[in-house]
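Lettered A, B, C, D, E, F and G in written order, each chain numbered from 1.
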Amino acid sequence: MNNLVVMPMLIPLCVAVILIFFRTYIKLQKIGVLFAMLLLIVTNIFLLVTVKEQGIQTLYFGGWEAPFGITFVADSFAMLLVLTASIVALCCFLYAFSTLTEDYAKNFAYPLMLFMIAGVNGSFLTGDLFNLFVCFEVMLLASYVLITLGGGKERLRESLKYVIINIFASWLFLVGLAMIYGTLGTLNMAHLAERVHQIHQGPVLTTVALIFLIVFALKAGLFLFYWLPGSYRVPETAIAALFGALLTKVGIYALFRTFTLIFTVQENITHTLIGILACATIILGSFGAIGYRDLRQIVGYNVVIGVGFVLLGLYANQTEALEGAIYYFMHDFIVKALLFLMIGTMIYITGRIRFDEIKGLIHHFPLFGWLFFLMMLSLAGIPPFSGFIGKMLLGIGLVDEGMYITLLLGFLSSIVVLYSLLRVFLKSIFGESMASHQMKKRIPFSMMLAMMLLMICTIGLGVGAEVAAPFVKDAAHVLTNPSVYIQAVLYPEGG
Amino acid sequence: MLFQLFLNMVIAVLWMLLKDEDRVNLTTFFTGYLIGILVMYLMHRFFGQPFYIKKVWSIIKLLFLFLKELIVSSAVVLKQICSPKMNITPGIFTYETALQSDLEITALALLLTLTPGSVVMEITEDGHTFYIHAMDIEQSKVDVLRSMSRFEQAIMEVTRT
Amino acid sequence: METLMVCLIGIFVAVATYLLLSKNLIRIILGTALLSHAVHLLILTIGEVKKGDVPLLKEKPGPYTDALPQALILTAIVISFAVTAFLLVLAYRVYATNKTDNVEKLRGDEYE
Amino acid sequence: MITLILKVALVFFALTIVISFYRVVKGPSMPDRIVALDTIGVNLLSMVAIVSIVFETKAYLEVILILGILSFIGTIAFSKFLERGVIIEHKSDR
Amino acid sequence: MITKWAILLPFFMAILIPIFHTRIRKFHLGWVALAVPFILFIALLRFLPQIASGDTISHSWRWIPSYNLTFTTYLDGLSMLFALLITGIGALVILYSIFYLSKKEALHKFYCYLLLFMTAMLGVVFSDHLIMLYFFWELTSIASFLLIAFWHHRKASRRGAQKSMLITVTGGIIMLMGFLILAHEMDSYSIRTIISTISIENLNRSLYLAMLFVLLGAFTKSAQFPFHIWLPDAMEAPTPVSAYLHSATMVKAGIYIVARFTPIFAYNLSWFWIVSIVGLITLFWGSFNAVKQNDLKALLAFSTVSQLGLIMSLLGMGSVVYATTGEITDVIYTQATFAALFHLVNHSTFKGALFMMVGILDHEVGTRDLRRLGGLITIMPITFSIALIGGFSMAGLPLFNGFLSKEMFFEATLAIQEMNVHSWIVLFPVIAWVASVFTFVYCFILVFKTFFGSADKLPTDRKIHEAPIGMLISPIILAVSIIFIFFFPNILGKFVIGSAMQSVYPTVQPFEQMTPTIAAWHGFNTALFMTIGVIVFGIILYLAWPKWKRLYNRLPEKWTLNYLYNQLLEEAEIVGKFVTDLYMTGSVRHYLMYIYVFFILIVGGYFIQSHIFAIDLEDQAPVEWFEILLMIVMAGAAIFLLFAKSRLTAVVSNGVLGLGVAMLFVVFRAPDLALTQLVVESVTTVLFLLSFAYLPEWSKEQKPKATKSMNLLISLAAGALVMAISFTVLNYSEFKTISGFFENAYELAGGANIVNTILGDFRAFDTMLEVVVLLIAGLGVYTLIKFRARKGQKKYED
Amino acid sequence: MNINQIGEWIAAVVILFASMMSLVSAFGLIRMPDVYTRSHAATKSSTLAVMLALVGAFLYFFAHEGEVSVRLLLGIVFVFLTAPVAGHLICRAAYRSGVPLAEQSGEDALKKFIPKQQEEKK
Amino acid sequence: MKINDVILKTVVQFVVFIILTIAIYLFFAGHYTPGGGFVAGLVLASAAILLYITYDTEKVKNGLPIDFKIVAAIGVALAITTGIVPTLFGKPFLNMSSMSVHFPLIGEKEIATVMLFELGVALTVVGVVMTIILSISEGRDD
């Protein structure tokens, strides 16, 4: 029992609630947010190290032991994601401080963002399938509100679609929960896993697994990503970046967690399907990423490609592949947020949304221009940026499983990613300088700081991958050995 | 003021009853009383006229009148429904009342609505004229006018003395 | 009883799906409401239906019906209430800004 | 025997609801449907009372209360909507 | 250590220069940069004897030991050869650039990129670890990209940069796949280890794939057909860059890879075929296309393509020994490789000189267009001499080093005939000869069209004179070395190429055998006759050039690879948009339909094919009549929702449904649920009514019949599927639920209402979050209605 | 048969009577010509039926367990208080929203005060 | 003719009292019989809705001058605080406990933290429902 395990969710939650009381004190809100995020990061690092040293940490809420009460389980996988999420979120907040107007701050933008982070962190940490649903809802509700925040024709229109599709997804989640409770009679994920391992048969379970696959695929944007590009396009940049960095990740996490822990009965069906869907996602995402000149569309489809790529790791379902997926996962958090912020900044500077209407930004914003260049390389998974190590490990895993075509597809997708941004870079960052009176004269410090921090993260994670390696290995170890997780949750005393 | 105090007591008593305890417990009553205060505090700005509590008997009388009318009217309606050939002429007519306060008017309207085959549809702004829909207007007019004075009497007994 | 319930749920799901696939916003919202009814009943049905007493310990000696699904449904009801409320208001705001309640007209011009 | 009587009563009430639902479907006017809905609510209330006798539990008595309250509120809300097109006014004329 | 510092020194300098460039105003930044290759070249020379004697130097530095990522550098003959080229030519090019680029240019960027490139290139040739090799490989692409886009305000620069980046990075990534497969098969990332463990027994399909992938990478970088198209466009870079990257060094990285991996992959005969045929095609195609160019740089670019093909084909031919015997019995075949490495050096010298010459022309005359150039021999005699030496060397004429390697090339193509591998091999010398004729022609065009003939069309905006001496130093050094090598080729052979040969054929003992004595005169053999033929036909064709040049115009524009590339990118955008627009319609109905169809197909499909449907009518809870009646009403209310003519009716019907659900909760012994359902239902109804004030009455759904039946089909299928699964799950009872535990609620948590105790204690966390959800929804409704961002901050909608 | 059982029987009979009454009034809901007359059936007979059912339940619990169920009493009072108000409001709303009186209706005193809408709202 | 709501208004005055009492009863009864913070809150909100329907927002606002968003936030804060407090004593988050407290006049009473938790729930529900309803009914400026 370790109360700290709830902190990643509780800190943003508490601060969010407190900030509601101070809606008109914007300075105070900013300080509160910064305080919360820094505290969160420190806590997460501490927890991560604790997990590494003492094994999986659990918290039985109210002292009701698993499987009866709700359990929070912090293993390396979850903690790595939580930590990355909080760092990225901090950067998004920094960016938000200078881009979100007073009106947004007064209308709960910061508390809502914190709520969303709380939901995301909760989803990563929870060890209870129904609680996962609830955490999803916290995150979703916050995202519903955030996406609509500020109103406007296009924004409301797209959010409507987002909300409706997610309502359907939540419904399907509940159907899945009903089915899994009907078959296995429990909700605790470790307990579910244990029961599944006991029978180790059952197309019925596979049917249930497929329902969950659809649910999480919808959230992750795995093949069923129709809601994604539109809804990532409309919110304010800082919010969109938070979306881009966090929202799909929870779905991906859930897929990884459940399909390594619980739904392992007929991997030839479920995991093959995941692989096919991942490939289809990559292909469709690639079409989208190069088909449009609207910057925000390009960003949206890049997210889609990333989702497909990460899930190839689950398809291979093998130690290196999972390690690679985890690395790439963390990388994706960081670099997608950065991508959103940079594209948002371009739009902010020029007021244009199509890249062929923007040119030569590097003449006025050299630092920004070079950041963009590095970001592009990082996104394409070029060494020594953070994407590479994940890509490489994933490649090793796929090679090990003999999945050469998938490997080819996955690796070539990074060319598409590169091309989609290379066009932007050459046209809008490079090129003759654009003499426009509409253009903003400078980029505020905190915006630049946010982007620089993320850039440092992506370089740091790439160059300093060795620091993360033991944690990633530990995370992959738990994913490949469900019994470790089950043991830690159900039999903490080693019984 | 008196009315509020009364209601407060009512709540406290209600509370005791709701608790379903074996014996009458002063502390329970007190808790109820406190809750009552809370309720009163929440509601205290909505009050109109004061209310007098000594008319218990007249209230009971009124209540019985109510019940009687309800049963009679139901019987009439049921009879109509069950009659193979429905021979009714519905319609709307007016009735002038001498009653004054909101409470009186309300009570009368409720009674009228529960009277055989009549429903109060509108009350004029001054509250003196009722527009009444009757299921069978010929019969209802007679019934209503006949029972109306009794109703007004009973109500005034409760409210005015 | 379970058979009947499952059939009822099936009807709910079918109707709700049809409503969701229609153009009108209110119909869609009604569809989501119906979907949630369906799944609440589903959870209840799949838990042990009517196999015991009301889950109030002081009143009955037991055995009791499965209380856990009930608790889950309760949570689900609240959440679906919150979502429905939000969706309703969102629908009205969409209508106010886009001047239409027909989702087919809400495709957006950037796709053309 | 008593249980049988009660179950017959339940069926009668259920039939009432079926008939009322026919009115909901048939209309023809909106107030007709609201009257029918009100009737359904009130009859359900009776049913709950009977069910709690059959089940020998007082667990449902709260349900009865709530059902009464809400069917009243619902009817008022519908009526007001029909009458004025809006159920909560910002500032009423009186 | 030398290797490590060789990689790090240019890197540090590349970082320092942009930081401190503002401090250096007095002299040209190039002098600072020059120091790097110069020092390195000298330092490397110091190790030359050691390497020549067969020694190797290696050093490692751990980067990510958890994943075996180690910077293992390795200096052997092959890397030494390349490293000397990189630093030597690098020094000359930087020296040249000091005079070529004025101080007004963004020099700090230029030298930063250039030094970065040097780091990358040295990294490539020193890396022993496959992944490190890939890392530096990509870095060369990036540096090349930056250098090509150096004048990025020009559209052509950007296009060229994009093209080279796309093609080389694609190749790189494919090569990485090859590396991963190779490493997986051989269980090592170290090239040395792999070479020492591989044998003909390792051949399998995976390794074959790895070979293809690695070759693809090498071909893209070395501009082999059909990937060569990026190289002519890369000429948009400043000329020193063209001289350095796109003729002398980067494009040779592919050559390096092929040479380096020969001992690994050449056991497979396909290696021989692929490398030599691709090389020959490239050789021909490059020379053929070079002839028609009007831009001198383009001409040189195609000539580079062609020459790279030559080297490649030689490497291919040299590799044949591995595949045929597995051990080397006849050293003669290795001579092809020797020729390849020799020509590599020669090519760097004469191509470097020629590029610099063109740069001088560009700089002094102001044009590189052959149609405008002419008669410069009198004005620029030194430049002419350089052009003459370089051009004749490239044409393979005696007195110049190109002659030696050209002869060896012919010999190799002839020697390979004895292999009897396939009758088509007869084409090798034919292609070689034809390509040489074209080469001869374009070399003559290059030299004579520029410096002879009329000077009428020269630009008149400036006074043309010989280039400043500084600019001439580097090309003169190269020109001198061209002649020097012709006369003393064996110095090169002994000290540099010999040990490089050992890297390609590590298993051959003793390796001195493989290092022949190069002699300009070796009797009247077939090769010499071929050369004479080249000269004769070359001169005839050169003289007849105006007659047959129109032939090129016959080739339709649409058949060119460039056109294909442009079409590909254009089509990719169009197809991408088309495909995406096809399904991303923006209609929420479509999106929901996809999801439903997906659900029905995947879950339903699996469900049906697994034959698990089961229904158990026994063991069910009893049904009462009134319950059936209620359910009928509920089903009716649900269906009536579809036909309701007004929204209010629908809401009434929905209210009936809500009441019905509550009643079912009552029946199912769930009083708390019934309560909650009732209240929630009424509040929802109130909300509906509230928001109806702002929403229009609904109109009749007007949908085409097909849409309606589609909707109906999906609805029925969805309903049926949920039913079927529910039945099956109901029938499935392997486990007891965990809820028995909660019946101890009173003892454990002091609550008698189990449901409430679960909500308030056992699963209080759910409840807490549920409250949070409510709060968020409340805030959401509030902001939706109250908060509208001001017009100025709205999205940019056009 | 002890006193308790008699009480229970009475309760059962009352409830049965209530259910029949309710059924009859439901037929009224069908047979009556317009909404105003239908609401007579609803507000009076139905209300009485419900109250009877609740009284029956009250009696039952009183007889069975000897407890006075305040909740049931409260429910009775509540229905008693609210049913006529609901009837009144529905009728008023119907009239004001333009629902016409049945054809066989006699006088309509309200007609001159509230201008009716042209036709019945659909 | 103007609408005279005297009947409704008069009856509602009584009805609201009954509902409020029931709501409070439900709140306390939840631990043993159906009810609890959530339902209580909703019923409380229904009472308020009834008031709003009968009167108008302005009048009710004068009667209940409360920012319901804050009420909701207080509710959530209370619920979370109930969870945090046990952690200060080394107990797991959301550990519910009860203790006997001596009140003047009332005497010994069991005070369970569940009650506080439920109070938080109830407050949130009231706050949120009222926020929603007031926002919708006030938001008609376009």
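We take it that contacts are C-beta pairs under 8 Å (C-beta built on N, C-alpha and C of every residue); 3 or more make two chains touch, one makes a residue touch a chain.
Bear in mind the structure is a predicted one, so any value in this text is a computation, not a measurement.
Chemist: Return the chains common to the contact lists of chain A and chain D.
Modeler: C, E, G
Chemist: Averaging each chain's C-alpha atoms to get its centre, pick out the one most distant from chain G.
Modeler: E
Chemist: Measuring between Cα centroids, which chain is at the maximum distance from chain B?
Modeler: E
Chemist: So which has more C-beta pairs touching, D-F or B-G?
Modeler: If we tally the contacting C-beta pairs, D-F comes out ahead.
Chemist: As a quick test, compute the distance in whole Å between the mean CA positions of chain A and chain C.
Modeler: Spacing between the chain centres: roughly 28 Å.
Chemist: Chain C to chain F: how many Å between their CA centres?
Modeler: The mean C-alpha positions of chain C and chain F differ by 31 Å.
Chemist: How far is the middle of chain C from the middle of chain G, if each middle is the mean of its Cα atoms, in Å?
Modeler: 25
Chemist: Whole-Å distance, chain E centre to chain G centre, using C-alpha means?
Modeler: 63
Chemist: Enumerate the residues of chain C that touch no fewer than two other chains.
Modeler: Each of 20, 25, 28, 42, 46-47, 53-54, 56, 58-59, 68, 74-75, 78-79, 82-83, 85-86, 89-93, 96, 103, 106, 108, 110 in chain C touches at least two other chains.
Chemist: Which parts of chain E, given as residue numbers and ranges, touch two or more other chains?
Modeler: 581, 584, 586, 588, 592, 646, 667, 669, 671-672, 674-676, 679-680, 682-683, 686-687, 690-691, 693-694, 722, 726, 729-730, 737-738, 742, 751-753, 759, 761-767, 770, 772-777, 779-781, 784-786
Chemist: For chain F, which residues are shared contacts with two or more other chains?
Modeler: 25, 27, 39, 47, 71, 74, 78, 81-82, 85, 88-89, 91-92, 96, 113-114
Chemist: Could you please specify the touching residues of chain G with respect to chain E in the complex?
Modeler: Residue list for chain G touching chain E: 26, 30-39, 42-43, 45-46, 49, 53, 68-69, 72-73, 75-76, 79-80, 83, 93-94, 96, 98, 112, 114, 117-118, 120-121, 124-125, 127-129, 131-133, 135-140.
Chemist: Considering the complex alone, what residue numbers of chain C touch chain D?
Modeler: 53-54, 56, 59-60
Chemist: Which of the residues in chain G come into contact with chain A in the complex?
Modeler: My answer: residues 69-70, 73, 76-77, 80, 83-84, 87, 91-96.
Chemist: In the complex, go through chain A and note every residue touching chain C.
Modeler: Touch list, chain A to chain C: 130, 134, 137, 141, 144-145, 148, 151-154, 156-161, 163-164, 167-168, 170-171, 174-175, 177-179, 181-182, 187, 230, 294, 297.
Chemist: Please output the residues of chain F touching chain B within their complex, sorted ascending.
Modeler: Its residues touching chain B are 21, 24-25, 27-28, 31-34, 36-37, 39-41, 43-45, 47-48, 67-68, 70-71, 74, 80-81, 84-85, 87-88, 91-92, 95, 101-102, 104-111, 113-114.
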